[in-house]
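Sending over a structure as structure tokens; questions will come in a sec.
Going in written order, the chains are labelled A, B and C, and every chain counts its residues from 1.
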Amino acid sequence: MNKLLVFQTDFGLDDGAISAMEGVSFTVSSELNIRHLTHNIPQYNIFDASYRLYQAINYWPEGTTFVSVVDPGVGSARKSVVAKTKTNQYIVTPNNGTLTHIAKFIGIVEMREIEERVNRLKDSELSYTFHGRDVYAYTGARLASDTITFEEVGPKMELEDIEKIELFGCKKIENGVMGQIDILDVRFGSLWTSIPYEDFKACGFAFGDNIKVEIFNRGTLAYSSTINYGKSFADVPIFTPIIYMNSSYHIAVAINQGSFAKAYDIGVGKDWTITMTKIA
Amino acid sequence: MNKLLVFQTDFGLDDGAISAMEGVSFTVSSELNIRHLTHNIPQYNIFDASYRLYQAINYWPEGTTFVSVVDPGVGSARKSVVAKTKTNQYIVTPNNGTLTHIAKFIGIVEMREIEERVNRLKDSELSYTFHGRDVYAYTGARLASDTITFEEVGPKMELEDIEKIELFGCKKIENGVMGQIDILDVRFGSLWTSIPYEDFKACGFAFGDNIKVEIFNRGTLAYSSTINYGKSFADVPIFTPIIYMNSSYHIAVAINQGSFAKAYDIGVGKDWTITMTKIA
Amino acid sequence: MNKLLVFQTDFGLDDGAISAMEGVSFTVSSELNIRHLTHNIPQYNIFDASYRLYQAINYWPEGTTFVSVVDPGVGSARKSVVAKTKTNQYIVTPNNGTLTHIAKFIGIVEMREIEERVNRLKDSELSYTFHGRDVYAYTGARLASDTITFEEVGPKMELEDIEKIELFGCKKIENGVMGQIDILDVRFGSLWTSIPYEDFKACGFAFGDNIKVEIFNRGTLAYSSTINYGKSFADVPIFTPIIYMNSSYHIAVAINQGSFAKAYDIGVGKDWTITMTKIA
């Protein structure tokens, strides 16, 4: 392990929760380098937790340990696990769908259930609502600091038991592709779709093309226009829409120095689909 | 000292203030491991500063130095101090009530006044409004890095001079307990009361009980219903209220995957009291 | 270099972008101490990026590397550069005005263009929209970790090619001074003006003076009153306006424990000017 321990939660940064997780971890080992992916995952939103992990993990070194706690089922029968990726990184998380994107786009080679009788903060037995501190941060810190081995996390689970959310992906349609609005580039209001760059390119779209874009909310047309496909925002005038490939190599739609999501009141998730087709 | 230096303020994260505090600290010593408890304490809210410190500090190792700057009286006669806890941790703070919860629930064994003639950033004499940078971060960094000893902070003060906020605590009433809504689990809208788990349990309440909950705003009834006492959110259906013990071992009220505070427009502080009584 | 690498962006903290920048940097070198100035610069606001850098940089040790990415022109012809300051600190940034305050108030002694053929994350050639990760964090990490020298960043540029925003500064007027509302102390709503403390003092203003303050929005009077000039907030009663010197040694206007900006609906930038004159 490389001592890097990266936290992600939906706890926000307004109280002492994240600090308690850090304190527990440094009590395990003062050698850890604790980092924060984001703590602003929308509450209970497992899809976003899965996506943000995937968005960041590729850029981290081998041997990094991630702890992701978006856990609407805390206290239920959902299992606490540690997954090992093909790229030799570790994710400590409730097995509730958080591993979906990693499993699909990176690959998980082994998963173990956290044996809480040994991998739980001492004297925390009465605490039933903060597994982020008592189980996940504690176990992540022990793993990242080589206090325990991956095998000592607990018993091996079947890879088919990885809980997964259904992903929309990309559908080929006449003269183009169809996808879902997966998530926003929150700060800038850009729409990140589920359409991989490779599938888009395979349709024959090329930089400079004008492309017909339609966005649907539960099947009802919510936006329709022709948008230019550019390399970067500067390829279109300010305040003009643009289709581009985002930093995770999927197709996205933005307004140069504006917010597409706000401008046209577009949301995310399975209710929001998008088609991109050639102009006849 | 263990080189861990933990900052808490009400400065927010939108400007360069926290970074200036970090820079000053690293200029004192490059060996420090600087961490952040929260910088989103509501402005001037000393109660919350005191509570959040208490919420986190138990989980940090011995020898950790905390710097808490919620300082509505900057420039007044309020003194700048360093307190040493029973558990051998240090808190650098204005003596304005920030030490209340630590003093009551953990214990302070010694307090010293910061002697600003020696413990103040060089050439900062003209700066009257940013003691967080010029006095508190600077002194915290010097203490945490063993540049100065605790004795070199300045003269010893009497422990009875620790400035304290009045805490509501827990009152025994007929068939139950009465407390105050101390603070929110901000992100999830749960109400954290001033009722310790032990006092609640002493009333004979047990997991699974249905309990009558009444919340008052300045004595006027603001909420009244029967709520189940569970171990964790998953013990009740989604969108259902639950009484539970929070991660700081006090009694709390939440809605499973909802916000109790928003649902019933409940606030915090001395105007907001809560009773929990047995159903006849 | 001292291994300190400080990031500033307008990306916010809600997604995986900052974490990807950290991951890239730790992949370059595990020895780096990565810190965050702020990621809440208002989107595309180069003035604020320039100001916040200047607000913090003075307090950091020699040999620190800063990476500032507020880059509305990503994908345009704007150049990516590294500037070396008089105080031996380094700033990695698009050359778009972000260096304005540093150039004026601290001094830049050398600037080099980032040669992207060598200083760009491997296999990122297809990524056109996230130079923060692919170019700036990567180059900053290589420089801060001594993987490359300053000379290896790329060819030297002329200092006159530093792109600069026009600064309002301070104008002497009859019986006083005129400045601009540069920026807010966001959290507390104080107005930070472009009037340096030294120019203000040179007018003969002294602590305790009552001073006539007028604020104009595009030349139209937006606020007019007499305000006391104090050392710190505690010099005036609670909820009372005060003129003071801010932590960056410029003149500012606040309400003790209130928000001046909200109270009188005051904005920032070149449309907002302020005069302070002696009372006859």
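One rule holds in what follows: contacts are C-beta pairs under 8 Å (C-beta built on N, C-alpha and C of every residue); 3 or more make two chains touch, one makes a residue touch a chain.
Fair warning: this is a prediction, and the values are worked out from it, not measured in the lab.
**Q** Where chain B and chain C touch, do the two copies share over half of their residue numbers, giving same, or under half, giving different?
**A** different
**Q** I need the rotation angle between the copies chain A and chain B from a CA superposition, between 0 and 180°, in steps of 5.
**A** The C-alpha superposition of chain A onto chain B needs 120 degrees.
**Q** Which whole number of Å gives the spacing of the CA centres of chain B and chain C?
**A** 32
**Q** Going by the contact rule already set, what residues in chain B reach two or more other chains?
**A** Where chain B meets two or more other chains at a single residue, that happens at 13.
**Q** Once bound in the complex, which stretches of chain C touch chain B?
**A** Spelled out, the residues of chain C in touch with chain B are 2-4, 6, 13, 33, 35-40, 52-53, 55-61, 64, 183, 185-188, 197, 230-235, 244-247, 249, 257.
**Q** Mind pulling up the chain A residues that touch chain B in the complex?
**A** Touching chain B: residues 10-24, 26-27, 30, 34, 43-44, 72-76, 126-130, 133 of chain A.
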